[in-house]
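Each of the next two complexes has chain A plus one more chain, namely chain B in the first and chain C in the second.
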Partner chain A sequence: MNAQRLGRGARVALPLAVALALCVVWEVAVRVTKSHGLVPAPSGIVAAGWTLIASGIIVDAMSGSLERVLIGFAIGGALGIPVGLAIGSVPALDRMFRPVLDGLRSIAPIAWIPMAILWLGVRGDAALFVVAYGAAFPFIVNASLAARWVDRRLIAAARALGANRWMILRAVLLPGAMPMIFTGARIALAFAWASIVAAELAIGIKIAGQGRSVAGIGQLMVETLYVKRDVDALVFYMLVIGIVSFVIDIGLRRVQRRVLPWSAG
Partner chain B sequence: MNPARRLVRFIEPMIGIATVLAAWEIASRVSANATLVPPPGVVWDALLAMQGSELPHDIIASLVHLAIGYTTGAALGLLLAIVAGSLPWFAAVIDPFAEFLRPISPIAWIPLAILLFGVGGAVPIFLIFYAALFPIFVGTLDGIRRVDPNLVNAARALGASRTTLALRVVLPAAMPSLFAGARLSLGVAWMALVAGEIVGGDAGIGWRILWYQEFFQMDRVLAAILIVGVLGFSADTLLRMLQRRVLRWQPSITEDAG
Partner chain C sequence: MNPIVELRQVGKVYVSARDGATVEALAGIDFGIRRGEFLTIVGPSGCGKSTLLSLIAGFNAPTSGEVSFEGRPVTAPGPERGVMFQDYALFPWRTVTGNIEFGPQARGLDDATARERVRVLIDMVGLRGFEHRYPHELSGGMRQRCALARMLANDPTMWLMDEPLAAVDLQTRIILQDEILRMWGDDDTSGHRARPTVVFVTHGIDEAVLLADRVLVLGRRPGRIKEVVDVALPRPRAAMRNSPDVAHLTARVWDLIHDEAAQAITDESR
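On to the complex of A and B.
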């Protein structure tokens, strides 16, 4: 298909030029129609970003959100990995619990938000519940696949060489299952990050205009939308959310290659 | 399979469901508070009471959001991928944009979507559109790039036109990775739909959850949450059936990872 491949220079320059041109056209269009404030403009986004970073608002909100993501992710892993390994290695357990787990997995975590608020309150624990719920299922799915896919011949070989149960678990099962579980962790963390934003948005809607302190990036966005009506800041928040997702994905791939060099993905 | 074995296979999933129901019942007894933890029986009654009134309306509204958003997003993603697959300069331009926008989850678009479209059905539809667009674009383009060049050359040698080549050779070969992208994205798309309806919708099952919460009818909230699960499960099952049907020619359709 790629008979006429582009040169390396063109592949970098072309998209950059198009992006720059788009930004200029966008900026000019906003200025000419005098619609800035209703629609975002590139210069406004940069200015809003600068103010938010300088004032520390975004840093506070992000550290709140990221803290909850990491705690929720850890809870999800602590619940999900043992469950996944159990149903992956015992077929009867898999047949008993997979249907009900599939059903629970299909409930979008954000749908739990009213119950989570009722049980844990709006101050952050409700968002934590949503994140942990969302993060648990990628762990379960991948840990169960990992347990099922560990090469039986390796186990047989280890046993033939006189390894006991503990040694098989430590030297064969765990290293064999690690890469798949790590992939699950990557999916879980990405999903956890999307979930926290959703949960904080939903909580923000509930408490918007009540003068409560802003706890995370989602609440900050709701406040920006309904109280401050600052379009440029909204787009800046979106970019920040995207950058965090990007760093999570790339960063964890790097870590995986470093820590688990025997894994392919 | 002999009858006894078949009976066991039938009973096994029931044990899982019964365990969850029992835990739920115990939790509601212990809390002794029908608002905090509505008992399963009460939620079931709520479900039955809802089915005559709002429930069908809400479910249809959500399915309409999903159908419009997903088909338009998937169609555009497919179209862009086919064009990018045949025009290298177009691929060079659009690839970085896709890579740039892809990490921005649909959820992050919710406030801006509310601002641009106003509270209403357009918000969830836009979110689903966005959620479907990039995974399908990236998955299809990836598939197109991995098409065996021998197949393409063989088709060319046999005199296939450009259109025939695209529709009969390249697209089918790209299908597995298209479906992989679609199924991976469905989880986030489904959450975007519910979140969009909760935060910025005026109809649909997500919106209804918040509505019941306003009236503190937690039994109905929980019933609606269960409906979200049933709908999400049906969407995934449907996509899996479609995948199996479209990819009949593939020797083994791998089990879902993620």
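On to the complex of A and C.
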């Protein structure tokens, strides 16, 4: 059958059917081998998800994590955008600071966790530090590229139309840099979300040991692994993490299309 | 009457930032542009046509000699010298209205005056109904009209046009030629209205002859003035598109640059 002749319904229905079939095979395999408990099963994941949603646990954990991601993302942007624009437009600054920044960028944000815990404690500030650190670099990289790649002809056109330096900065350089900064923001948010899960997983062990209430999705996963041993819930968390990052990216693209309708994002 | 632009022994050498190699784009250009004339510049590719334009615009400084506008040396671009770029150079984040408004805003005109000016221009270039479109939503011809209106918004006394019609199809080019002529004042033979001074760089020799009062023919790199051809044909020109006089002059200009153009092709592939 020709793929192009598939109707709109079939294009949605076919992949869904494949996914569903895989789930059925998975479920049957787990039941036949009686391995449920060590291996998660689709039915168990649905049941665990239902309980976690109904009890509000997942919503609490998610909002805790998301809050930290958004604050860290904002800090990363507030630091990264000006730094990136500065080194992108002033070659001397670029020569001075780029090696240092590249060096720092090479250190995985997760590697800062022990240090962050030492300085900031386990309550969440350590995770926030890691998130802001991870988010800052995509902002720096993209903002510096954006500043360097601004179309010289547009600057020439603005000068010929009588624009002074301030108007060129405000009405040409900044709007010209926006699409690439937005792309940087999408990468930064993906980094931030990945870092928060890792940071909370690392920090979570300590919290779980002290029997404190759960602070974020990472801590929840640690607790589920070491205390409850509930593999179905673990897979459910994984799904939620994936869905949330997907939704965040779609949201940012929507925002870009709304704020920068001229850039075909 | 004094020329509006004077070029005295103008030369321009570019130095490559990468390996320090030098390219001599223009040499010994000595020429005066008359107030209100339509001057077209033709020449083989790489002869420095666009360089000459950007020196008058003030984007670059000459390496030797002097460029002056209204008796004063050109040191920077200015709104009295409007520029139209080959590939439009419209601000992609501004709508048609926003692009046309840029000049009045840059010069600090108040909003009401600027808006009225933009409204008139949009009608003049036939973009009514497209005011809120972004450049990427416009056809090539419409972008060019928008670029024309953006330049006109500052009421420049000079129009510096760098191959403005190179990127549009033939029919659109003919229509836009007629529009540029009309806005310049081609059909105003009364002499009451002061026409702007136009410097129009083009690859199209027929276009150069049809539009111009004088055709400045440049030779191969480094660009020197090969000849200045007077186009002593009556106006309005829009009606003369198929006249034998235009064809005759076109053939003459082509003869002037034919050998050099052929040589330039082999030079470039070397």
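Criterion: the second predicted complex is superposed on the first by the 249 of 265 C-alpha atoms of A that agree within 3 Å, B and C clash if a C-alpha of one lies under 4 Å from a C-alpha of the other, contacts with A are read in each partner's own complex, and residues count from 1 in each chain.
Throughout what follows, a residue touches a chain if its C-beta (ideal position, glycine included) is under 8 Å from a C-beta of that chain, and two chains touch if they have at least 3 such contacts.
Values in this document were obtained by computation on a predicted structure and should not be read as measured data.
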| item | value |
| --- | --- |
| Which of chain B and chain C A:M167 touches, first, second, both or neither | second |
| Partner chain(s) touched by A:R254 [first = chain B, second = chain C, both, neither] | neither |
| Touched chain A residues, chain B compared with chain C | B |
| Chain B versus chain C as contact partner of A:P109, first or second or both or neither | first |
| Chain B versus chain C as contact partner of A:A156, first or second or both or neither | second |
| Contacts of A:R31 with chain B and chain C, given as first, second, both or neither | neither |
| Touching both chain C and chain B, counted on chain A across the two superposed complexes | none |
| Touching residues on chain A, where the partner in the complex is chain C | 151, 153-154, 156-164, 167, 171-172, 175-176, 178, 260-264 |
| Contacting residues of chain B [partner chain A, same complex] | 9, 12-13, 15-17, 19-20, 35-36, 85-86, 88-89, 92-93, 95-97, 100-101, 103-105, 107-112, 114-115, 144-145, 147, 149, 152, 170, 187-188, 190-195, 198-199, 206, 209-210, 212-213, 218, 221-222, 224-226, 228-233, 236, 255-258 |
| Residues of chain A defined as touching chain B within the complex | 1-2, 4-6, 10-11, 14-15, 18-19, 92, 95-104, 106-115, 118-119, 134, 138, 141-142, 145, 180, 183-184, 187, 191, 193-195, 197-198, 201-202, 205, 221-222, 224-225, 231, 234-235, 237-239, 241-243, 245-246, 249 |
| Residue ranges of chain C touching chain A (in the complex, touch as defined) | 57, 59, 76-79, 81-83, 85, 87, 89-94, 102-103, 105-107, 134-136, 150, 153-154 |
